[in-house]
Amino acid sequence: MVAKKSLYPHPKNPVILASGIMGTTGASLTRMAYNGAGAVVTKSIGPVPKKGHSNPTMIELENGFLNAMGLPNPSYTEFVQEIENAKNNTSTPIIASIFAGDTEGFVKVAEELSSANPDGFELNVSCPHAEGYGATIGCDSCLVEEITASVCDVIDVPVWVKLTPNVTNIVDIGKAAERGGADAVVSINTVRGMSIDINTGYPILGNRYGGLSGRAIRPIAVKCVYDLYASLDIPVVGVGGVSCWQDAVEMIMAGASAVQVGSAVSQSMDVFKSISSGIEDYLSANEYSTIDEIIGFSHKMG
Amino acid sequence: MYPLNTRLIDIVQESPSTKTFFFDRYFDANAGQFLMVWVHGVDEIPMTLSYNSGITVQKVGDATSRLFELEKGDTIGLRGPFGNGFTLPEKSDKILLVAGGLGAAPLAPLAEYSFKNGVDVTTILGARSSTELIFGERFSSAGDLYITTDDGTSGTCGFVTDILTNLNLSDYDRIYTCGPEVMLRCIFNMLQDEKYVLEKTEFNLHRYFKCGIGVCGACCIDPKGLRVCKDGPVFKGTELIDSEFGEYKRDASGKRVKI
Amino acid sequence: MVAKKSLYPHPKNPVILASGIMGTTGASLTRMAYNGAGAVVTKSIGPVPKKGHSNPTMIELENGFLNAMGLPNPSYTEFVQEIENAKNNTSTPIIASIFAGDTEGFVKVAEELSSANPDGFELNVSCPHAEGYGATIGCDSCLVEEITASVCDVIDVPVWVKLTPNVTNIVDIGKAAERGGADAVVSINTVRGMSIDINTGYPILGNRYGGLSGRAIRPIAVKCVYDLYASLDIPVVGVGGVSCWQDAVEMIMAGASAVQVGSAVSQSMDVFKSISSGIEDYLSANEYSTIDEIIGFSHKMG
Amino acid sequence: MYPLNTRLIDIVQESPSTKTFFFDRYFDANAGQFLMVWVHGVDEIPMTLSYNSGITVQKVGDATSRLFELEKGDTIGLRGPFGNGFTLPEKSDKILLVAGGLGAAPLAPLAEYSFKNGVDVTTILGARSSTELIFGERFSSAGDLYITTDDGTSGTCGFVTDILTNLNLSDYDRIYTCGPEVMLRCIFNMLQDEKYVLEKTEFNLHRYFKCGIGVCGACCIDPKGLRVCKDGPVFKGTELIDSEFGEYKRDASGKRVKI
């Protein structure tokens, strides 16, 4: 088992709001913090305002959600005030998720948002449904390394890189982020998917296809976290289908130092509290003193 | 849920700019709840239910324009009902409805429900002009009706607030309002000083939605981050105190725009 | 919309038993044919006997199955009699699924099994949990082209290539198969996944990780089929989470000329009959005369 | 389903080669149904329930060897109950159980169930020698018991078939058998000519399983492709006519091996 640097800002509470969920405004982020999130990640912010794709942008399937929001965001110029608003109202760490079409764009957005003093950055190189952004970048390890290094160069707070599972080998991309100086990788963004309305033949999403999230993808995320943990020295933040404390413990045993929760917010706003208290109960029932004792535990078994 | 493919079985022109689309599917919904209406190939938009099997639409954008081209027998995709509707009145209640323009859509079924259940209903129905008044008969069949038009072509010349200001609001157990946010804000301001009135008044808001199911956060309102689509679209007046309501909203990109 | 060659042997009934399900013996294949499958694909057969991984090799999750059988098979020497047995007892087309570690191995297995006169071959270059086989090959487009070409060279019956979704771009691999002379591609094999027992920390599968199948992966499969249909001239066979006729119609509208059903056999042996009659009812209710009219239908919409 | 983590609360040595493992979980199962027993880090194997909260195991391979090293308080993973158990007898029935070796495991709970429900139970229990006989008391408490041992150290010297051949099988409404497949095949052959007897006789088979849930097909038997794990493991004698039963089976690779 590899000893990892601890995840900084080290969350006392390892249950984090994932990007793209309730992250459009400072108020919604603050609300999630009040509801028990250990940290909150903003909606992904880019260099220019984007309205996103036309609706439907998100539908609930039997066992998850399919979405193609299309990176709607008001750009950093407008979003600085949302981060400031959140920072003024909660001491919970605020992680700014950012995207751009190239290295300069990432650097620009990061620098500009820094004025609002976010507690960290998450680089979105993994959105599966925005041409020229996200996963278009995130499957190119050279580009991921370059972007990560460039952002790390100009930023003092931790930089996380969120990875796409829609690649042949996620570990290659994770290693590129690590070489670039990332403080952690976040695994995984949504899985490419599509749904068709058989009554009309129309793809349901306005963008035709999108990203699958929720319960359906948990086993996929667990495998990615497991592989990344085995190969990287930096911490892994696990995300993908976590909806209860058992899911979170599974992700942690696979190698996650913290988990992000997204789709499950649709069940209840109390999901952060119930997951984090469930983890605590699990730890004490099994006589562990901290979560560190079970991070990557599965790698020792079998 | 997947959009339910739904056939239009009747289309009624309610006013020069509004049509009601009736469909072959019954939604067991409370007045104030909404559907996400997928106009295939164009967009999906939130629409309040004006009947259990119908929505009343004003032509304002791409999706509604396409909807206006549809004919009986065509289909649309429907998801819902979503959100929280109005708190239903109790049998002995006396209620006041204040509807402006298309704001009559969720209040008309509430008026009918209330009348059927022995509730005393008074409605103030406003519109720009006589031809734009909708559901006048549905309201007048349910109780007293005050009409206002901006141009005086029907009822009192003026705004719904002109009537409201002359009523004794302590007479009513519940007050329900829906209409343009500017109008709602005027009403809110009138009631703001009397907290007990605000407490019993419900505002049905209309905002831009993306997911419609409370996940994406695009419709959150400051400062509490309440989601119009899931925590609303109906809010008690007291929930809206010191909020962005009537001041600004967010566009599709999340940028604040003045109301 | 691209006009495709028709899938040969053209199934009157487009609902096919997927490889790895009830395909270990000639008798089990025959049983599936009697139960209404339009064609049946055998368990993957290789050059030497393999016992597969230790158990658990398959578990049911909330919305699918996770398996790592490890390509157990008695090799072609033993399996010829199973195909013969099936051929003697049913006129339903029997497709032999084969795998090997290299081109020579594929050719050898295909040649040897030909003595049993299977109606087609399906090349398994996509099993996600057998080191040195399956997806290890299937993410290398040069190798896929070479293997496909070599098998097509020595085989007279149709050759299908089953693709893995665990690649950055499945269309690249599909095109390689097409260049190699494949008569169809089959999309998709299982999605890499993993599940951990949080009571003990053990990964549940004997092989630690495996492949996810069932409802959870349907949107992923639909997207792969959609993309392959848009880019290839040969037919696409859709597989992944199809469990009812609606799912099958969705897959067909995405571009599948036929569908394979795997995990759903666990619900009921009648699944083939119910799906194929559901498709027929759908066609007649919507006044289509054949399935051809809706293959790839979604590509025309929107 | 995920394996249910289950604690061993008692371990009883039944014979020199068999142990019963009792756990803190009750399975509402019919006699003849089985669990998939996950011995962590080693393997997962099918085991019939000898009690609603227990399995009786013979040390034969890696998984059972590891299981034999476990102690009270250790845990195993259990999935199930799976498969079809024995057809339960009715109140006034007279039944015959034929158990060979570990084949007593699913028949002992059936004997107890039957006795409790007023069924007339007769058992033929065989083993290699006296010390290998298991559950003798459970059977004798339930009704008549004939014992046979290969070496004559207890009961009749010989095989269960030696007793069976002397009974009037038309006396029994149902006959239930479990044991080594060679023994089961001998019984099958004895009964084969009398179809009405085969019809009322059930055979509990033990085969190599992979998935255990009827999907992979590894346990299918010729010529009908019946899955031992899901269509069985209990089969009516008539289902096994002209089958591979007693002739050959398939190993982990799917290769046919003689029985």
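Chains here go by letter, A, B, C and D, matching the order in which they are written, and residues are numbered from 1 within each.
Assume contacts are C-beta pairs under 8 Å (C-beta built on N, C-alpha and C of every residue); 3 or more make two chains touch, one makes a residue touch a chain.
Keep in mind it's a predicted model, so treat the numbers as computed, not measured.
Path length between chain B and chain C in the touching-chain graph (shortest route): 1. Looking at A-D and C-D side by side, the one with more C-beta contacts is C-D. Averaged C-alpha coordinates give centres for chain A and chain C that are 33 Å from one another. The distance from the centre of chain A to the centre of chain D, each centre being the mean of the chain's C-alpha atoms, comes to 51 Å.
As a whole-number value, the distance joining the C-alpha centres of chain A and chain B reads 36 Å. Touching of two or more other chains is recorded for residues 61, 195, 200, 202, 301-302 of chain C. Listed for chain B are residues 40-41, each touching two or more other chains.
Checking each pair of chains for touch leaves A-B, A-C, A-D, B-C, C-D.
Within the complex, the chain A residues that touch chain B are 20-32, 43, 49-52, 54-61, 65, 67, 69, 72-75, 78-79, 85, 89, 195, 197, 199-200, 202, 204, 206, 263, 265-266. On the side of chain A, the complex with chain C involves touching residues 61-64, 66, 139, 166-168, 191-196, 198, 200-203, 208-209, 212, 215-217, 219-220, 222-223, 226, 246, 249-250, 253-254, 282, 294, 297-298, 300-302. In the complex of the two chains, the chain D residues touching chain A come out as 40-41. Contacts from chain B toward chain A in the complex involve residues 1-3, 5, 36, 38, 40-45, 75, 77, 79, 209-218, 220-225, 227, 250-256.
By the touch criterion stated above, chain C contacts chain B in their complex at residues 301-302.
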